[in-house]
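Per-chain residue numbering starts at 1, and chain names A, B and C are given in the order in which the chains are listed.
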Amino acid sequence: MKTILIQLDTDPQPSSFDRVVAIDAGIDELFCYGGVSPESVEPLVHGAMFTRGPADLKHTAIFVGGSDVASGERLLERVRKTFFGPIRVSVMMDSNGSNTTAAAAVLSAKKQFGSFAGVEALVLAGTGPVGQRAAQLLAAEGASVRVASRTRDRAAKTCAAIASQVSGGKLSPWSTASDAELRSACEGVHLVIAAGAAGITLLPADVRRSIGSLKVAIDLNAVPPLGIAGVEVMDKAVERDGVMWYGAIGVGGLKMKIHKAALRRLFESNDQVLDTAAIYQIGQRLQ
Amino acid sequence: MKTILIQLDTDPQPSSFDRVVAIDAGIDELFCYGGVSPESVEPLVHGAMFTRGPADLKHTAIFVGGSDVASGERLLERVRKTFFGPIRVSVMMDSNGSNTTAAAAVLSAKKQFGSFAGVEALVLAGTGPVGQRAAQLLAAEGASVRVASRTRDRAAKTCAAIASQVSGGKLSPWSTASDAELRSACEGVHLVIAAGAAGITLLPADVRRSIGSLKVAIDLNAVPPLGIAGVEVMDKAVERDGVMWYGAIGVGGLKMKIHKAALRRLFESNDQVLDTAAIYQIGQRLQ
Amino acid sequence: MKTILIQLDTDPQPSSFDRVVAIDAGIDELFCYGGVSPESVEPLVHGAMFTRGPADLKHTAIFVGGSDVASGERLLERVRKTFFGPIRVSVMMDSNGSNTTAAAAVLSAKKQFGSFAGVEALVLAGTGPVGQRAAQLLAAEGASVRVASRTRDRAAKTCAAIASQVSGGKLSPWSTASDAELRSACEGVHLVIAAGAAGITLLPADVRRSIGSLKVAIDLNAVPPLGIAGVEVMDKAVERDGVMWYGAIGVGGLKMKIHKAALRRLFESNDQVLDTAAIYQIGQRLQ
């Protein structure tokens, strides 16, 4: 029986990126839908639920994607509500690559630290979709996580949201609007992950050089100017100035491996929901 | 040469249900189009007609689907008009599963009666797309068919429409608006097929029990409350109270087999039109 | 690694014709997008550029199609601008079959003349997408090309456009609005290619018979009345009245072969742009 992946994309044109990755992951048949909304998704999910016998449901799966992560989350929620009892298929959500990118960034850091116990981590743009996910994974791993945003308020909301998912997570909100605030947020950190928008430098050179405690710097922005001054986009565990650097493309190889492994995992049983934590676990087994 | 099925769907998103069934029927390549109207269909049909040589036209076929059966009928008509002479491909129409469901229901009944000669059949919601098709197939098989609707007028129109296709068909229109009318319509029937909308009971328990002549009861509604009180959705030739019961899922297995067999049949020659009668015949050979 | 063709179509529904040809050319996976505009194409091209390693980029390619040739040209331009450095995939443009049809017409004529040196060629409807491309190919081959249009002005613009691409091309603009003008344009020509709209006769019988020098007549209109009186749509190097005739379907077989060969060529390296001249060269090697 052929494996079928139903790609539900919230953008008008379903992502060609996600399609190529699905083909390269070895999926037999790909059904792609663009412009999918929570309101229009039910019949598409029913088509996955009611066409194959219970024992064969694991050969069909759903992928939720698109450039807007919040829309993807709402779509995933509706997909899950459409299932009932054992009549379900596995589903993965990776809008804008948010889950696979966050997992790849945190796993790259883990390779350097071994354990996150005692690690002070700063996530710049920590309230965005990738930043929030990286902060969540770091907190779950036991790091002490500083969630940074332009306003302390937004950072605090993100900390609260993560705390509700990660019991015992050590999280603190930081504002990085001014140079002084940014320097405070950086004090004593061992790890910085910059998860901001393309073309915006979140950590200038002089501030970065002032962090004597810094061991690992990971930037997820591929478009110059990069997010952390001093990184190069191809960096992959490159040491410079006593810091281990990762750039967006350097992290991208692992991100791609995680994406493909997660897609293949979908077809092992019919009851999986591959969200941030589950995708991270899949990445961990790849190491 | 690969088999290609061009799925023309009248809904904005082409049915994922029909896509999975097509893959499971072994079709090599599926081209799916949503939001197809009679006005936009010509170039899509031309692409089927003018790309492969006359001897290879049978490797391409067209499937007309979508949730609205009337729209599907108009689309099928336009597809057929686009062909000319021997430059054509085979085409199947099964909007909302109407043809395969009606065929599966009538074939399930036939398994019980052997022959429909002398059988009094009542089709509840007999003016809807599935009901009308079931009534047509029963009439063609020689049953005496009572077409029931809320108004006698609509039922009469459906009887006339069927009579124009099935010469010598024994058809009568019935109103089932009141309890008394429903009881009259049920008097002396051996077979009831309920083809109504999801979640509406067409035949309550007390009326059903009052039909001493009833041998077979088939309900095509999968969403509770079911269409015939006393049926269970998984029933497949289950005897209870002296009646042989079929529920929507009990009929669904045969429906699926017919759907797949019809799709495969499309690729045996380039000149077939698989409509209600043709799809029923395909189902008969599967028995 | 599977070959992937990303079909970007400027029409709302991506051409089923181009899809069938792509499958028959042996491409493994086809991603089809309709309603693609220069504004929306960037992420689709990025999905081709950033998913496979540099050595594997040649297994992904892009096809630009749709019924409107000018829209296709704008789309091709934007696709090419999205690439940077060696991070690119091969791309073919054949909106409305314009490039493959023009190539097939000119190659059919070449089979008769051997060389175009000294050949006087007239292209009727020479300012349309197919006519202009045929004129360009003829000029590049050394024929003396008369570009005919209803107004001399439009013909002159097309000549200038072609001259900027074909250095040393012998081109002249002709008006064919009146019978007298048409007769002048035809005087002394050895080859006529009619590239007009469906159902319009560009060269009536009496004018055609008056061209004593005529050796080859090629009509690319498949819908009666045909473009050149006296042609038959299936003609393929059929001699009548001392003229070698080609009709639209007679040319169509070669067009199809060129189309498939060009698609296959896309996957030989990642840096090709298959436009009018490149597609013609591919056709030449098929002879």
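Just so we're on the same page, a contact is a pair of C-beta atoms (placed from the backbone, for glycine too) under 8 Å apart; a residue touches a chain by one contact, two chains touch by 3 or more.
Here the structure is a predicted model, which is why all the values come from computation and not from measurement.
Student: Counting residue numbers used by both copies over all numbers at the interface, does the subunit B-subunit C contact come out same (over half shared) or different (under half)?
Tutor: Since fewer than half of the residue numbers are used by both chains, the interface counts as different.
Student: After a C-alpha superposition of subunit A on subunit C, what does the rotation angle come to, in degrees rounded to the nearest 5?
Tutor: 120
Student: Approximately how many whole Å separate the CA-defined centres of subunit B and subunit C?
Tutor: Using C-alpha averages as centres, the distance is 46 Å.
Student: Can you list every residue of subunit C that touches 2 or more other chains, as numbers and ranges?
Tutor: none
Student: Which of the residues in subunit A end up touching subunit B in this complex?
Tutor: 1-2, 4, 6, 29, 31, 33, 36, 40, 43-48, 50-52, 60
Student: Can you name the residues of subunit B that touch subunit A in the complex?
Tutor: 11-13, 15-21, 23-24, 30, 32, 67, 256
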